[in-house]
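Two complexes are shown next, each including subunit A; its partner changes from subunit B in the first to subunit C in the second.
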Partner chain A sequence: MPKITIDNREIECRKGISVLQAALEAGWNIPHYCAHPGLRVVASCRLCLMEMRMPDPKTQEPTWSPKLVPACQTPVRDGQVVRFDSDRVRQNVKRCMEFFLLDHPLDCPVCDQAGECHLQDYSYRFGEAESRMVDEKLEKPKKDIGPRTLLYSDRCVLCTRCIRFTQEISGTHELCLVNRGTRNEIDVFPGKPLDNPLQGNVVDICPVGSLIDKDFLFKRRVWELESASSICPGCARGCFIRVDHCDGTVYRLKPRYNPKVNDWWICDEGRFGWKYVHDDKRITAPVLHRGHEKTTPKWEELPEILRYRFEEQMRKNGPDKVVAMLSPFMACEEAWLLIKFIREVAPQAALAMGPVSEDGENQHFPVGASGDAVRFTILKEKCPNRRGIELLIGAAGGKTLSFEEFVEKSAAGDFSAGWVVGGYPAEWVDKAAGKIAPKFELLVVQDIFPNALTDAATIILPSCAWVEREGSFVNSTGLIQPFERAISPPEGVKRDGQYLYEIAGLDGLYRAGRVRELMNATIEEFAAVFEAPPMPAHAH
Partner chain B sequence: MAAYEPVLLRNKGVENSTALKVYESRGGYQALRKALKMNPEEVVEEVKRANLRGRGGAGFPAGVKWGFLPKDRTVTYLCVNSDESEPPTFSNRVLIEIDPHMLVEGTIITAYATRAQVAYIYMRVEFHEQFHILQKAIDEAYAAGYLGSKVLGSDFALECYIHRGAGAYVCGEETGLIESIEGKRGCPRIKPPFPAVEGLFYKPTVVNNVETLCNVPHIIERGADWFTGIGPQHSTGPKLFCISGPVNKPGCYEGAMDITVRDLIEREDMGGGMLPGKKVKGVLPGGVSVGILTADELDMKMDFQDPAKYGLLGLGTAAAVVIDQDTDMRSVLRNMARFYGTESCGQCTQCREGTAWMHTIARRIEADGGRIEDLDIIAETARSMGMMPGLSICGLSDGATYPLETIVKKFHSELEESIRAQSPTETDALAGAVGH
Partner chain C sequence: MAWKVVDRNEAIVEAEGPALLSDAVREKIRSFFDRYETKRAALLPALHIVQDTLGHIPHQGMMEIAGLLEIHPSDVIDTVSFYTHFWTHPKGKKIITVCRSVSCEVMGGEAVLNEFKKQLGIGEHETTPDGKYSLVTEECLANCDHAPCVLINEKRHEGVKPENVAAILADPNNDRVTMERSTLFDAPGDSKARDSAQ
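Take a look at the complex of A and B:
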């Protein structure tokens, strides 16, 4: 690991990174706009200029070079000595901040970015309270550049991160620079809006309030939002995300850095895939059918009722007539608890895998890339935890079934008691599956939305969306990645993990980490989950 | 002083000088024949020895530049910079109009020396007539076997194309030019890598100015010693000077770099003195980007060293424009500021915003709305854009800095006087304006 000296402090840094990145990772808050670790270096904002010690051309004595150099463009070299803490560096930043604000409309009170804006932050730290600009500002237009995104050109600092994103990551090349000099504007080509599966990232990487997500526009001030670390359930890739929420409502999803999966990016499908969470058609209370009578049992009574009902079925129809269908939308911990319960009451119970939703083909980006050139992938497998459920079913042993086998055998009347978990964001019960309900004497269905199975179930258990739960998903490459809960479930709904914990006969509060410790006793994979290396927020 | 024998303009006034036959009859393409008998390294060495400094503005030694090419290269490109977009500069234009074959020959020899297989002559779009003249010369050179797959029957092959720009000043910057040839926006690239290592189409590339290359055949033909015998030691060889403004004979003249700005204006074989009734107030001696001289500073030598003593950026393009006593310096200031404001490519913050801001202020000063502190803002802005090296990706920003900073500095009292002479109402109104 190279050692470099910044402002008289020696640090060790990763090989192959820029001095800027090394400084940021070591905790310096160096102002920068154009630099982004995921994008090509353009060194155009000139904010991260630093002084560097170089051998004097005549005497070869190391001296501070008269030239300022961009830290983003300078790779780390062992023994390098640089400084940001100097009058010349400070003066440059100060003047740059004045330049950036010359034509800026200063509309922070109505700007979505306010509160997470690097123009605000840097102005506060390095700028002046008053501008010397007394002339009329150059006005630039607000542009509707795509179905989901607005461009406020007047707030733009022309860092070109967005352009480089469409060139280097999405490979769709929608954005470009038009005009010249101070009239420079980001724009799209006529008739070619910014509309690609990754376009939302340009809003994330915009350091100022220029690129704005229409979905979030004017919804909330960002300082009111709380964040939870989560995993996107949109596909089997398992991108790291952040759920921004407030007052029990999700407002937006943002990518979280994960060098093994998604780097700094997420796709729009995942980004906007949370809307079902707040759908008013959700099941919001447990339901118990007794003949034609429908009652709402108390949550406290449920563990006893369920255990009794399954034991009753065992006595009545024998030990091999019980089945549980697990869903690839369940967290590993929840699935483990359900398996624990089922195998306790019915050791010979069959375990089935729910349907694995697929859509189209895997999509690789930049468009047309393959092999090492691929920077981002959206998988066709549209559920987050098939691997995890398969792992748990495998570890549990005994009789296992595919979804098709489960439907077939259920329709043939092989089972009298079943527990079916849904939790899919969209309709998942197909025609064949919808017809199996009458074959069961006891059918417990745990789901988010009503469907043909919940309609015919003996007991309906409301399920929670992933933002209301905690646990872990195993992604397509086998990484076990934990996610936190962000918000409370709708009124009247208990978290799946909590009631499964109770049903499985455990006391106290469900905590995913606690359950993983129990799981680890028999399934060693769960000894540790994957957490991305910590990275200061301003380092990317 | 012995009479100067023209080298670059030796065919000026010769009838039909653009024709291959005429050029050949006056000794043309002999240098190429000589060069082909040498090996490329010897050609480079000869040019190095001649200390041929680039004529485009920066004055970097051409031979040294060629020496930066990596030894193990397979593909090399030569770009000839004929963007000539520096204001008051027209020496490339004159060279192409009078002697296009001299440029073609210089290009071929340079390509041979640098082992370039393709030469692109990047020509500003406003050169219409010159484009046709040069294209005809290239066609003739192909037909005569000076260009093509076997140059003069040797194993050396060279293709030569003219690439026409689209009218951007910044495309005269070597990497802006490269981007433009590649079909992109003319935005200068960050360095390193320098073009010699990674230039056009990311291959080793040499970029030289038209006038620089026109010197090459003469160096080869007459030898480096002849070349270094012309002019002072640090500024060797023949040089073209342009003079414009209210002088009797504006035009492009040739000489050694031992003349002064005064010579350029006054000498009978050059500017021929000021127009009747006109007096020098200031001179922008090297194109506009090097800064301004006052009437008291006309003894500056037009070489690569002296301009720095007068607070100027350098020799620049050695094209002087004279400003007379009747010109309002506020207009000069505004005119300069406007040029850089519209020509900045807009990549670097300081240059993009600084040039535009200075233009806005200069426009207001010219329109009788100036404040004394505006002069300080212009000077300070200029200093925070250039002057300190490394502030921006390319030299355009330095080029914008020098004229504005030096005008404000050297003509401060005049500008101040004009501002004080304004009608008070407007000044007062602005003095009260504060805020973002």
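Take a look at the complex of A and C:
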């Protein structure tokens, strides 16, 4: 590992990175706009310039270079000596900031980016309170550049991150730089808007308030938001995300860095796929059907009712008439608890896998890329935890069924008692599955939205959306990835993990980590979950 | 929305109907492909050829160039808008370019510009109603030793004074280039015939 000296402090750094990256990773707060570790280096914003020691061309004596050099474009070399803590470097940033603010409308009070804007942050550190500009400001227009995104040209610092994203990551090339010099603007070709499955990322990487997400526009000031670390349930890839929420409502999802899965990006499908969480058609209370009578049992009574009902079925119809269908939308911990309960009351119970939703084909980016050139993938398997559920069903052993077998056998009357878990964001009960309910004497359906099965269930248990739960999903490559809960479930709803914990006979609070410890006793895979290295504090 | 937003979802369509670029123009653009490693590199020749053929490069033309070069139209408009040489809307038959850089400015360039404005009755970046002339200013024309300098199409007029302007405008050959010129990027066809037709 190369050793370099920054501001008289020697640090060890990773090979092949830039001095900027090394400094950020070691905790320096170096201003930068154009540099992004996921994109090609252009060294155009000139904010990261530093002083560097170099051998004098005549005497070979190491001396400070006469010119400042961009840290983002200088690879680390063993023995290198650089400094940011100098008047020349500070003067440079100051002058750059003056230029960046020359035509800026200073509209922070109405700007969505305010509070997470690097123009604000760097102005605060390096800017002047007064502008020396005597000429009229150039006014650049706001542009509707696509169905989901607005461009405020007058706030742009022309770092070209957004353009490089569409060239190098999405490969869709919609964005370009028109005109020249002070009249430079980001633009699209008229009639060819920014509209690709990854477009939302340009809003994330824009260091200022120029690219704005229409969906979040004017919804909340960002400092009111709280964040939870989560995993996107949109496809089996399991991208790392952050859920930004406030007052029990989700406002937006943002990518979280994960070098093994999604790097710095997420797709639009995942980014905007959370709206169902706040749908008012959700099931919000447990329901017990007694003949034609419908009651709402107390949550505290449920563990006993359920255990009694299943045991009753065992006595009546024999040990092999019980089945549980698990959903690929369940967390591993929840599935494990349900399996624990079912196999305790009915050791011969069959375990079935819920339907694995698919849509279209896998999509690779940049568009048209294959093999090593692929930078981002959206999978056609539209559920987060098929592998996790398969792993748990496999580890539990005994009788296992596919979804088709489950429907077929249920329709044939092979089972008298069943527990079915849904939790899919969209309708999942197909025609055949909708008809199995009358074959059961006891049917527990745990789901988020009403459907043909919940309509006919003996007991309905409301399910929570993933942002209301905690646990882990196993992604398509086998990584066990944990997610935190962000918000509370709707009034009257208990978290799946919590009631399954109680139903499985465990006391106290459900904590995913605690359940994983229990799981680890028999399933070694759950000894540890995958956590990505954090982004350096001052990187963006 | 309450404020003014330029809508970029709508296409700008200058002319309905069939392709703007003729087979001959396409062929000429394709003839540049061999010279470079990528088709994209033929963008500048393509823009010159199209502008020489149509007088300017409309959005439809940019789309067709993008199709030929297998690039996104945004890459074409990026380059077109960078160079003041390329026009995205119709211009006059002849372009009068008055230099506004330092040498010409101190030698009286502005007076020359004003005289052109007066005699043509148009301002900067405007075209006469008969479509004969467009008037623009440009940075240094690399002819400082003969400032103030004016170009009419590719023809250089040196040491121009306001009192010369009438004579220059009266000369039907004021854009005739006498020295050898390259026809590399000209519209396909016989460029001599084109000249004498003017």
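By our rule, the second predicted complex is superposed on the first by the 538 of 540 C-alpha atoms of A that agree within 3 Å, B and C clash if a C-alpha of one lies under 4 Å from a C-alpha of the other, contacts with A are read in each partner's own complex, and residues count from 1 in each chain.
The rule we apply is simple: contacts are C-beta pairs under 8 Å (C-beta built on N, C-alpha and C of every residue); 3 or more make two chains touch, one makes a residue touch a chain.
Computed from a predicted model, the values in this text were never measured in an experiment.
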item: Most subunit A residues touched (candidates subunit B, subunit C); value: B
item: Contacts of A:R132 with subunit B and subunit C, given as first, second, both or neither; value: first
item: Contacts of A:R180 with subunit B and subunit C, given as first, second, both or neither; value: both
item: Which of subunit B and subunit C A:F99 touches, first, second, both or neither; value: first
item: Contacts of A:D144 with subunit B and subunit C, given as first, second, both or neither; value: second
item: Touching partner for A:L49 - first (subunit B), second (subunit C), both, neither; value: first
item: Contacts of A:Q91 with subunit B and subunit C, given as first, second, both or neither; value: first
item: First (subunit B), second (subunit C), both or neither touched by A:L442; value: neither
item: Doubly contacted residues of subunit A, that is, touched by subunit B and again by subunit C; value: 177, 179-180
item: Residues on subunit A engaged by subunit C in the complex (per definition of touch); value: 141-147, 150, 172-180, 187-193
item: Residues of subunit C defined as touching subunit A within the complex; value: 3-13, 59, 62-63, 71-78, 81-84
item: Subunit A to subunit B touching residues, read off their complex; value: 41-47, 49, 66-70, 73, 88, 91-92, 95-96, 99-104, 106, 130-135, 138, 157-158, 177, 179-184
item: Subunit B - residues contacting subunit A, complex; value: 168, 185, 190, 341-350, 352-357, 360-361, 364, 373, 377, 381, 384, 388-393, 430, 433-436
